[in-house]
Each structure stands twice: as structure tokens, then as C-alpha cells.
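Scroll down for the structure; my scribbles are underneath it.
Letters A, B, C, D, E and F name the chains as they come in the text, with residue numbers starting at 1 for each one.
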Amino acid sequence: MPMVRVEMYPGRTRQQKADLAKAITEAVVKIAKTTAEATHVVFVEVPKSDWAIAGKLTDES
Amino acid sequence: MPMVRVEMYPGRTRQQKADLAKAITEAVVKIAKTTAEATHVVFVEVPKSDWAIAGKLTDES
Amino acid sequence: MPMVRVEMYPGRTRQQKADLAKAITEAVVKIAKTTAEATHVVFVEVPKSDWAIAGKLTDES
Amino acid sequence: MPMVRVEMYPGRTRQQKADLAKAITEAVVKIAKTTAEATHVVFVEVPKSDWAIAGKLTDES
Amino acid sequence: MPMVRVEMYPGRTRQQKADLAKAITEAVVKIAKTTAEATHVVFVEVPKSDWAIAGKLTDES
Amino acid sequence: MPMVRVEMYPGRTRQQKADLAKAITEAVVKIAKTTAEATHVVFVEVPKSDWAIAGKLTDES
């Protein structure tokens, strides 16, 4: 019953998300031996102004 | 100190969320033997265009 | 397609979790107008030694 | 800087996780246009006794 | 490879988030013995109308 | 009502977690203008064998 959550910056198109959900689901079904119907993929967009690496918000130039 | 997170599609009204928070908190207090004050319920709305099942975004018709 | 995650201290029995999952699911179905089949409830146990409030781990006496 | 979290039942081998991390990372890099180095995949195992669907813990027969 | 997620009400300025990311990262690096580069801090804003304590949404007066 | 979640590899002592919870809480209180009592810090340990970067589980040598 895999639940996959993908946190990433905004900016991907609906088509990219659709393609990514399809590819991740296929990988999960094939490798983790589950069904597609049981596999959820959720996208969570985190703005660069809310994501820091090395102590700096990543929207800083 | 239960922390309950509810991820669901957008579209519920404020009243529905208020009712749901109340019902979930009552269940947690009664069954898990904690206090209402210690129980948090957080709602996270995930658009159908960001939620895939069986490899398809759920806003597809 | 609600996904409910309950973080709490360890110590609840399997029966308490079963009762809580049932009660939360009923509340979600009734109030948020979805189906039971689409509703997932996941329990995540967090030891008191990993949960701090007011800057103190809650296993401190 | 994608962060992918996969919640699933226990029981997959280390090799399955390694293969899944590789496949998911390749899909993310190719489709979301990021680098492999920036892509994290985290596995979280949730026992069936902690995962309910339709109000029932999924370890019930 | 610490990943820190801070859920809080909206209303903090970009500067407050920048300061908080810096302070948290410094604490993680110093105390948990890791590198700043490996430390991520993500802010997630949860409206008071989506956060309940003691069974009441916290935007209630 | 900040809720801070720290995901990291296992291996930190109880004292390190206590110090980290204290330091993070102080930073949150000072910078985000909230109270210590309202601030929770939760530690989640993720084994290296469950955390992949660049498509490889990080317990690989």
C-alpha cells in the first residue's frame, strides 16, 4: 500500500507531474511487488523561499 | 500528545473541518486516553492535480 | 482520498488502534463525505525520548 | 532539491530498496530536470498493524 | 543528512525564516555533528483555520 | 504553535537530542515570536539503509 510523497520546488508542469507519477508508480509496482491501484503519489510544492540548505533560503542569489 | 494530520482534497468547508477536528479529537481522547488540550489536528489540502492513484493524477476524467 | 496520520507516544494496544482507526474513519466518511475504502489511517509511534515540548524531552521526570 | 518519501509495509529487502531508490531517482532526474545528487529518497516502513484501510487495521485476516 | 521541517502559522517574514533557518542549521551542525551543506530546513505554513487544538480550529476567537 | 520534525541518521545520544531540542526551541521562540510551551520538536531516526542520495542507499561504502 505504498504512499509516495514528493517534495520539490514549484515549476513543474502538470504533464511533468503526470509523467513522474506514472514512472514512480511503475517502479514501485515492478520492484516492490504491489499493485498500481494501491500506489499513491502525492506532490508537495515547497517554494525556494521556504527551503534552506546550509542555513540559507534557496531563493537567495 | 497526539498530532493528527489529515491530507485530503480541497473542497471541505470551514464547518466541515471544525466538525471533523472535534470528532477526531473526541475519538483520540476517549480511546487513546489523552487530553483534548494535548491533541492537535492539522488539515493539509492536496489538489487532485497533485495526487495520483494507479499512476494517474486524480483530476483526470 | 483522505490520508490520516496519527503521531503519538507508544503504549496503545492493538485494540485501541483498531478502535481509533474505526472511529476516525467513520468521522471522516460522515463529515468529509468520502468512502471508507478511500480512507487510510496510519499510526506512527514516537517515543517520549524523541518528543520535546518547551525544549525538554518528554521522558524527563 | 526533490525529497521523496516512500511509506510502505515492511518486508522489502535491501536490494529492492536500492533498486527502487535508483529507479525513482532516475525518473525524478529525467522528468523533473534536477540532478541525482540533489535527490533524496527515504523509506519509511509502516507495519500492517499500524495501517488501516476502510477502518480496519490491514493485518486483520 | 538532517532534514528539518518546521510547521507553523503563516505570518513570519522572509527575514525571520532566513534567521530561523540559520539558527537551526547552526544548532544541528554543532550538536548533531554534521555539515551545514547536508542540512535542509523546510518551512510549511499551516493556516490557523487548518490547525485545531483541543478540538477547535485555532482561528476561533 | 510550531511543530518541528528532525529526520536524521540514528546515532545521536539522548543528551545530543536534549541539547538540540533546547537550542531549536530557543531559536523558534526568539525568532518566530512564540512560546516555548507551544513548541514541539520531534526526532525521527532514519537508518542509512533507508536513505538514498543520488540513487544510492547511504550505507553503501
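Assume contacts are C-beta pairs under 8 Å (C-beta built on N, C-alpha and C of every residue); 3 or more make two chains touch, one makes a residue touch a chain.
Owing to the predicted nature of the structure, the values given are computational and were not obtained by experimental measurement.
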{"item": "Chain pair repeating A-D, as identified from B-F, C-F or E-F when over half of the contact pairs by residue number coincide", "value": "E-F"}
{"item": "Chain pair showing more contacts of the two, E-F and C-D", "value": "E-F"}
{"item": "Inter-centroid spacing, subunit E versus subunit D (mean Cα positions, whole Å)", "value": "24"}
{"item": "Between subunit E and subunit A, distance of the C-alpha-averaged centres to the nearest whole Å", "value": "20"}
{"item": "Interface hub residues of subunit A, defined as touching at least two other chains", "value": "1, 3, 7, 40, 42, 51, 53"}
{"item": "Touch-based graph of the chains, sorted into line, ring, star, complete or other", "value": "other"}
{"item": "Interchain contacts, given as pairs of chains that touch", "value": "A-B, A-C, A-D, A-E, B-C, B-E, B-F, C-D, C-F, D-E, D-F, E-F"}
{"item": "Interface residues, subunit E side, partner subunit A - complex", "value": "14, 17-18, 21-22, 24-26, 36-37, 39-45"}
{"item": "Subunit C-facing residues of subunit A, complex", "value": "1, 3, 40, 42"}
{"item": "Subunit A partner contacts - residues on subunit D that touch it in the complex", "value": "1-9, 12, 16, 19-20, 23-24, 27-28, 30-32, 34, 51, 53, 58"}
{"item": "Subunit D-touching residues of subunit F, taken from the complex the two chains share", "value": "7, 46, 49-57"}
